[in-house]
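Shared between the two complexes below is chain A, which pairs with chain B and chain C, respectively.
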Partner chain A sequence: MSRQSLLPGLGGIAIFLAIWELLIAGGIFQFEYLPAPSRIAIGLIGMLRSGSAFVEIVHTLAATIIGWLIAVVVGVTAGAVLGLFQTARRYSLASIEFLRPLPAVAFIPVALLLFGFSLQTELFVIVIPCLWLVLVNTMGGVTAVSQRLQDVTRVFRMSPIDAVSKVYIPAAAPAVLVGCRLSMTLALVLAIVAEMVGNPEGLGYAVVREAQALQPEMMFGYIFITGLLGVGLNSLIIGLSALILPGVFRQPSIEWEQA
Partner chain B sequence: MSLFELDGVALVLPVPGGLRNILHNVSFRIASGEILTICGVSGTGKTSLLRVLAGLTAPTRGRVMFRGTPIDGPQDGVALVFQDYSNALLQWRTVARNVSLGIERTLYGAALNERIAESLRLVGLENSAADYPWQLSGGMQQRVQIARALALRPSVLLMDEPFAALDAMTKASLQDELLRVRAQTGASIVFITHDIEEAVYLGDRVAVLSGMPGTIASTFDVDLPRPRDQITTRELPLFLQLRHQIHDAIGRHT
Partner chain C sequence: MKRIIALFPPAVGLLPLVIGLILWQLIQSGPSPLFPTPSRWWTALVALALKGVLVPELVVTLWTYIVGLVIACVLGFVLGILIGTISFVRRWSGMLLEFLRALPPAVIIPIAVLMVGYSPSMKIAVIAITTIWPVLLNTVAGVSQIRSLTLDVARSLRMPWSVILVKVVVPAIIPAFLLGVRIAVPLGIIITLVIEMFTGLPGVGRLMILAQRNFNSAEVFGLLSLVGLLGFALNLLFTVAEEMILSRWPPRIAARR
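Right after this comes the complex of A and B.
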């Protein structure tokens, strides 16, 4: 997010919270378990002071990043191979097109049957859908390398290794990084879902646990932490992308913000 | 010895729904050190002919020799400049690192940097080394591509309508720059264009490519004095006469 849009953005959040607070203080909203933002804040501060949320944050963060990394490594490798070799693409495209649109949550029962209520289940649920996203974006990026750049690799008599590392990969990098970034956000969502129904640990389980314990302040506190985590992970990967490819991501024509 | 020697070259390429004859019975020689411009209207196979010379496309029939040996792919010492500079440059590399693309496997450290600086000086881009191509105007991007080719110290520069996408003033200044670079480096140049005046202004010889499939219809020696000048050269009776003859030669076959 650019600096100019940061202040109005924060202002918007403040106005939303103020209206929420007023609606509850004025008695217009009367839900037994919908606390005012001020009470959520107090619960949140208590939670952070006692350190009770720490274990959950670490668990969710670790599961998200490990799952994402597996998806990225496997997805980029497989996507690059499929992008470079037409024969490989011809044999596997039908399978990918069948598996890809399956909803992520459809894998939860499969994972539960295979791995029970465990971290493996959580990782399985994270990796599979993220993998498609990275793979399809990488493959698309590699196949879209222009005929002209392919000519350039030949005219400069580049070795296959040089052609791939100096031209194909950097040319495909924007698409690859879009896949990586989208799958990072997806990985967090899937971690939370998996923790709610498959692996009783982390922030997702904490939200369910506090709801069942009739502790709405705590529940909203955990939701808030999850949101912050999402924003943090997203900024992290945008920053990393700009570091990896400074030339590409300073280019105004690439609508990096919206990807 | 001729630099390039083409003998009965024909090219047939697959197109959707069949095969198309692109070139037919093309035979000519390119002498070492000359500027040969190849002029013709669209669809006569100008770009295909250049790709054959570059070793990017193998001819269907006939023989293409470079320095006396048949070519089987891109040759050492032959550099190619494409018309679409923005696609041909690596947009994620700075100007200097684009120029280094063809030489970074053979040169290192100070020698590499010196060669990059020298190539950028030749095209007047010494102050843009750290910029990215997309920050530059079209004319400057095409200069980067020319510098990238010159960095190889090529004996031949193959150029595919390199100035066609540029405005008239940029085009004129790049034409003069190319002639200056040629005078400094002594490289041979094969220059494709559909602009008759450009063909005459730059060339030692003009070959007219015409017909479908295309073939060399005629060649013209350009005995205009060098250095050439955008105003006075273009006013010479011989310039106007050649322009007229080439125009007729192209027209007769279309």
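Right after this comes the complex of A and C.
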């Protein structure tokens, strides 16, 4: 987001919150469990001051990042192998395309069956869909390396190691980074879902817990933190990508995690 | 038709999956509490269907999913055009939409449960609210990518705005809109299943959680493959539909390259 759109952007949020506050203060909008933004803010401050929210934030953040890292390491490796060897691709692509649309959450009961209510369940649910995303993007990036560049590696009689490190990796890097970025947001989404239905820890569980305790202020507070975490992780990875590959991420694109 | 077939990888690629399942079936001897053989998945599914449970719940899942998705597509398209064409709305709502987009979709479920309670209409509303974002944001992006020259031409031809909308804006944003729907289709399935798992409202998601609670692993794996087939079928259906629509409205109109 450019600096130019920062002011109206913040203004838009302020107007949204003001209307919400007024509708409730004026009694026009009455849901029993919809608190005004000011009450949510008070709840949020209390939560942060007592430090009770930090345990949950750390748990969710750790699960997200560990799951993401596993998915990136495995996905990039497998994607690179499939991208480099046409035979491997030919004999496995249809399997991947068949398994990929399997809804991520459908793995929750399987994971619960295998691992019970534990961190493994959460990681299992995070890793599988993120893995597909990284794998497919890496494979796409490698196969899209232009014929001319591939010819260059042959003409120069580059060793396979040189060809990979000097030609394929730089050429495929933008696509790989897109996969990594999208899977980062996806990892957070899945961590929250897994915590809501599977592993009773972290922010996802906190939201459910406060909802069941009929504490809407606390619930909205946790939801707000979750949103901030999403924005933060996304800008972090965009920043990192921009450091690694200047210029590629200047154009903000609208994509959406495919879960 | 050839173009549609060309979208899919060669069928020999299914070999690893098939071999894996066959090996699973052959190596696994005797009943296993955690890894039942694929043939047992099938018998478990058939048993569930014969009890008269499976089909109604599957219908409920599909029905709510489709209704929610259609609402999201229609609303997302209309709102997307509105937000996209009115530039001050676009500028002022940009950051808010970005924040709402970054919210993990599943957290809407506890809010909805608390405010509306458990009901089928809550389920449809949640599916619609969560799947509207990709459609809406992509439509907005599509509108903002229409070349200003195109709009100038329309204006200098003195087209009324309703004609501009129908003849210029709508055809130009169809590819971007479809991109949004492409993302909303799998997202919608996930949300539908999560709602059913979380609230225990009727549907395949609830069946999966019930099977897991009863440690009925064959049923869990059976339902998992059923849901996988469902996801695959919906994806296939959408790909074919998208290809047919895009051959009528090719994406080059919107591209600003």
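Here is the rule we go by: the second predicted complex is superposed on the first by the 246 of 259 C-alpha atoms of A that agree within 3 Å, B and C clash if a C-alpha of one lies under 4 Å from a C-alpha of the other, contacts with A are read in each partner's own complex, and residues count from 1 in each chain.
We adopt the following convention: a contact is a pair of C-beta atoms (placed from the backbone, for glycine too) under 8 Å apart; a residue touches a chain by one contact, two chains touch by 3 or more.
It should be emphasised that the depicted structure is a prediction, and the values quoted were computed from it without experimental measurement.
Visitor: Using the superposition on chain A described above, determine whether A:Lys166 touches chain B (first), chain C (second), both, or neither.
Guide: The answer is first: A:Lys166 touches chain B but not chain C.
Visitor: Applying the document's definition of touching, compare chain B and chain C: which contacts more of chain A?
Guide: The partner with more contacted residues on chain A is C.
Visitor: Kindly classify A:Phe156 by the partners it touches after superposition: chain B alone (first), chain C alone (second), both, or neither?
Guide: first
Visitor: Classify the contacts of A:Gly51 with the two partner chains as first (chain B alone), second (chain C alone), both, or neither.
Guide: neither
Visitor: Could you tell me if A:Gly26 is touching chain B, chain C, both of them or neither one (first, second, both, neither)?
Guide: A:Gly26 sits against neither chain B nor chain C.
Visitor: Which of the two partners, first being chain B and second being chain C, lies in contact with A:Arg148: first, second, both, or neither?
Guide: In the superposed model, A:Arg148 contacts chain B only, not chain C.
Visitor: Using the superposition on A, tell me which residues of chain A are in contact with chain B and, in the other complex, with chain C.
Guide: Shared contact residues on chain A: none.
Visitor: Per the contact definition, I'd like the list of chain B residues that touch chain A in the complex.
Guide: Going by the criterion above, the answer is residues 54, 56, 73-74, 76, 79-80, 82, 84, 87-88, 90-94, 101-102, 105, 132, 134.
Visitor: Per the contact definition, I'd like the list of chain A residues that touch chain B in the complex.
Guide: Spelled out, the residues of chain A in touch with chain B are 146, 148-149, 151-152, 154-157, 162, 166-167, 170-171, 173, 245, 247-248, 250-251, 253.
Visitor: For the complex, which residues does chain A have touching chain C?
Guide: 1, 5-6, 8-13, 15-16, 31-34, 89-99, 101-110, 112-114, 185, 188-189, 192-193, 196-197, 204, 207-208, 211, 214, 216, 219-220, 223, 226-227, 230-231, 234, 254-259
Visitor: Spell out the residues on chain C that touch chain A in their complex, using ranges where they run on.
Guide: For chain C paired with chain A, touching residues are 8-17, 34, 88, 91-96, 98-107, 109-111, 113-115, 133-134, 137-138, 140-141, 180, 183, 186-187, 189-190, 193-194, 197-198, 205, 208-209, 211-212, 215, 217, 220-221, 223-224, 227-228, 231-232, 234-235.
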